[in-house]
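Can you read through this structure? Questions will come right after.
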Amino acid sequence: MKSQKFWAWLVFALGAAYFIIPLAATFEFSLRMRRGEYSFDAYASVFSDPQFAASFTYSVIVGLFTIVVGILVVVPAVYFVRLRMPWLRPFMEFVTLLPLVIPALVLVYGYIRLYGSSSLIPFTGSVFGTNILLTCAYVTLAMPYMYRAVDNGMRTIDIGTLTEAAQIMGANQLQIIGKIILPNILVAILSGAFLTFAIVIGEFTIASLLNRPAFGPYLVGIGTNRAYEPAALAIISFIITWGAMGMINVLGRFAPRTSARTD
Amino acid sequence: MKSQKFWAWLVFALGAAYFIIPLAATFEFSLRMRRGEYSFDAYASVFSDPQFAASFTYSVIVGLFTIVVGILVVVPAVYFVRLRMPWLRPFMEFVTLLPLVIPALVLVYGYIRLYGSSSLIPFTGSVFGTNILLTCAYVTLAMPYMYRAVDNGMRTIDIGTLTEAAQIMGANQLQIIGKIILPNILVAILSGAFLTFAIVIGEFTIASLLNRPAFGPYLVGIGTNRAYEPAALAIISFIITWGAMGMINVLGRFAPRTSARTD
Amino acid sequence: MPAFLEVQNLVKSFGSNTVVKGVNFAFDKGEFISLLGPSGCGKTTILRMIAGFERPTSGAIRVDGDDITHLKPNQRKLGMVFQAYALFPNMTVGENIAFGLKIAGMPADQRRARVDEMLKLIGLPGFEKRYPYEMSGGQQQRVALARAIAPKPRLLLLDEPLSALDAKIRVSLREEIRAIQRDLGITTVFVTHDQEEAMSISDRIVVMNAGNIEQLGAAHDIYNRPATRFVATFVGQLNTLPAGLLPGATGERAIRPELISLAPRPETDLTLTGTIADLHFLGSVQRLRVDVGGTLLNIDTFNNQTKPLQRGDTVTLHLAQKDLLTLGA
Amino acid sequence: MPAFLEVQNLVKSFGSNTVVKGVNFAFDKGEFISLLGPSGCGKTTILRMIAGFERPTSGAIRVDGDDITHLKPNQRKLGMVFQAYALFPNMTVGENIAFGLKIAGMPADQRRARVDEMLKLIGLPGFEKRYPYEMSGGQQQRVALARAIAPKPRLLLLDEPLSALDAKIRVSLREEIRAIQRDLGITTVFVTHDQEEAMSISDRIVVMNAGNIEQLGAAHDIYNRPATRFVATFVGQLNTLPAGLLPGATGERAIRPELISLAPRPETDLTLTGTIADLHFLGSVQRLRVDVGGTLLNIDTFNNQTKPLQRGDTVTLHLAQKDLLTLGA
């Protein structure tokens, strides 16, 4: 028994170290801009850069649109598949896993071919069109997380029986989704939304291929040109994502206990 | 009932189109290298490039190491946490989600600081060290998937009771893990392994920051310099990942029915 | 008086698999009806067709003279209680009970009064602010019952509502359901695979097997005069007496365990001798297994404090000719 | 003869919560012992301490004279059957049963013979190539039993092995377990919360409540001579007769439902008159609820074909002074 406890703690310590040591090292480095003493100069330098605010704001806005589109696509799809076409579920799982394993590049090439300036729908011909394209790409990228979050949420409530219980009491389809399904998977949806947000904030490849002024490319640009600011930025973006994750936990705690959470 | 079916199918069709249309467009474009007719010239060009084979082989090897390290870290950790420290599970879930939301950049900066040529353990000082660092980064990156796959696998078997049943019959810890736990989560482990493999094959950011000759940077390099080859490459890497995904399904079918699968 | 609930030639096929094979029955207003049978006999499918969740392949369902066969579930004005409680987890008990009333457009003050009335009826006054997860299974199922009857449905459907509960709660809740049903006079269809449950609660029972009705009648009739071999063996326990065991019997006979006694009764006119092969003390009832010339007979006797029986004791069994059943096909 | 299984002053605390509060018992070789009590009474914790999965806070456990209190589970040479079957899903039935033998180093041919013997014993010959998922719950649990007894353990531990099964299978499997246990003469500890199960199967029963033993004895004793109020109400059903209901009684008395009859018996010396408030036909048993001056009494009678009783009938109840229980604290 004793030795098992020791091993368990060792495994735990190694896992924690894996994440915490690089983080601590980065933080320590970010404080060393001023020679000979620790200071927050690197952070001051980051925050005074107008590009920082601009690119961050841009990514936040794209992130919010991505979340809205993602919810509108995923929630009804998961609901109908679970309820009416359960045999479609393995296929859905497969499809929603694809963005994880198809390099994002493939999708972007496809989009550029389809919507390039010489195509029928020249999305990339205008800034607005490119923004839409970027949002679409992010919806795809976040799909695995959003789908899993919502699917897990619907798994913990018996949507079939709840739907029938509401139907027999006279409720129509809209009332069922609005009053029964959505409130019960709210926490799951929020958790999917925060993950989506975190992914969009940190994404680099697609934004840079589409040449949009997003936070990811800004991060990489700074990373290759400066010494201490990248470390500060890394810590800042870690705090943002940590905040988003923490928010999920807090919301989960406030929600009624039966409300579905991802497991 | 009729209208519900219609909506369900519409949602399904839209979802499928979202993935299939860009794919089809990419494929069509990849065939147009020779003017005026369809041909596989772009594919021939890709396969004849020695860098293609070199970078692909490199990524496959790194992928295999990543899988081995990932399994050795994750399986015992999940087993002990589930069995002895279930109160640690929410924390584990949180920790293993971090790589999804911390921009990969943060980790890499942290690693470079820690293991840079001027540090105590100068991993980046040698090619071998950098390869180790890359593998570590990929293990981290694939952690969310490997953890979830193994955790789901262990969820479907009651490891607590199975462990006790084996113990009372005289089995020791090693016999329990080797004869009872591992065989029952084999499918789950394989599914995690294939996902890891697919992620490593397509990864760009970390490989390029560490300046390793991996498949992702090669893909991007081609993408910015050539016209038709990127499309062909996209299709090739899609087939590879599709194959990996298909393999999971096939293995799942051959495994004994009670063997755990990810849900 | 025409029947209140009428099912005519009801057939349901899933692909080539016909699970309900032309079922007919008619019941009066206020009756408590059980559909009893093993799993897969079609009882749940019939209930789901009455509710509107399944579309009959052919046949008709009428409630109070209205043909509801092709109505949507939300147009049928029925109440239903599910096996899995199916309370809305995001709503309090009060909101759950008020849900159907709100959908029907009842004003808020009337709703509140009706919810209070329902909570009193199910013995949970003051629970309206609780959430379902704060309550036990038995309490949740009572709330589900209140929710189903609050809008005064024409018919109450119960889909194995007790099977997820513990044995003790199961018994007390079924008595409570029966009492409420009797008070309100609401026609109720109850689906169960538990024969004791069906017998204890129902006015009439429909015993089903493989998509057909085997027997329809009161519990007493079904138990004492089973129409088919299936009913005789599915409902209650039965001892089979092979031909030759009883003097003068020409074929196989059967008898219930409680109709064999260790002491003569006024009506007994047959005796058998055997040895006790096994005995189980179950509290109020003691179950004996007696070996009579190689045939094992189960006998139920009430707990008797005076002289405990032992394995190996020789006993004389008394039974009455009139209690013997002849089993058909 | 010293006791075969002995538990001395066994205490188990989880933090500040003491769930087993100094329990003592000693049983002979070959006994079938049940630990009976409501959930949380400590019965499962005692079993898990005997198995070695929990470490006692204090006290000792001895089997056949050996102190096993501090041995690891895999050194104790015990067999155990779990509620959730716990068959290894990756192994066939044969491999499951052979697992313990293989660990113990038995040669392959002896293993094969022992597996065959075990499969015959549990009535599943020819099943060795099946996988657990291909079998019903009852079959899986029988395999789990075979797996537990194959290595000839010193003690067989059964942790609510029947509670995941259907009512009918539960009854038949418990009889089978008892028969096998008797044949092999293996000392067995059975944990259950079902009083009927415990009474039907055990040589002796340990009735537990809140970490203490309330009574220890044979089923017959516990049912008919309950030592405490808890035992009287937990084991079997009980009617409480308030002071004044019976002529001459000075305090509260209690009586079992089957000891009240509608006809006089030789030993009855008291009568009460009441009206039938409710009656439930349960098949072999008919349960009446009779209102006697405002007190509701439950009465069990056997199914009687001749004259069906009705709600509202006035009946005379016969009972015997000697059957009355006086409940203590």
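Every chain is named by a letter (A, B, C and D) in the order it is written, and numbering of its residues begins at 1.
Methods note: contacts are C-beta pairs under 8 Å (C-beta built on N, C-alpha and C of every residue); 3 or more make two chains touch, one makes a residue touch a chain.
Source: prediction; values computed, not measured.
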Cα-centroid distance, chain A relative to chain C, in whole angstrom: 51
Separation of mean Cα positions, chain B and chain A [Å, integer]: 18
Overall pattern in which the protein chains touch one another (line/ring/star/complete/other): ring
Touching chain combinations (by label order): A-B, A-C, B-D, C-D
For the chain C and chain D complex, residues of the former touching the latter: 167, 175, 179, 194-196, 199-201, 219-220, 223-224, 235-237, 256-259, 267, 278, 280-285, 287, 300, 302-303, 305-306, 308, 322-323
Of chain B, residues touching chain A in the complex: 4-5, 7-8, 11-12, 14-16, 18-19, 21-23, 25-26, 29, 73, 76-77, 80-81, 84-85, 88, 92, 94-95, 97-98, 100-107, 109-111, 113-114, 136, 140, 145, 173, 195, 198-199, 201-202, 204-205, 209, 216, 219-220, 223, 230-231, 234-235, 237-238, 241, 244-245, 249
Of all residues in chain C, those that touch chain A in their complex: 51-53, 72-80, 82, 84, 86, 88-90, 99-100, 103-104, 131-133, 147-148, 151, 157
Residues of chain A defined as touching chain C within the complex: 157-158, 161-162, 164-172, 175, 179-180, 183-184, 256-259
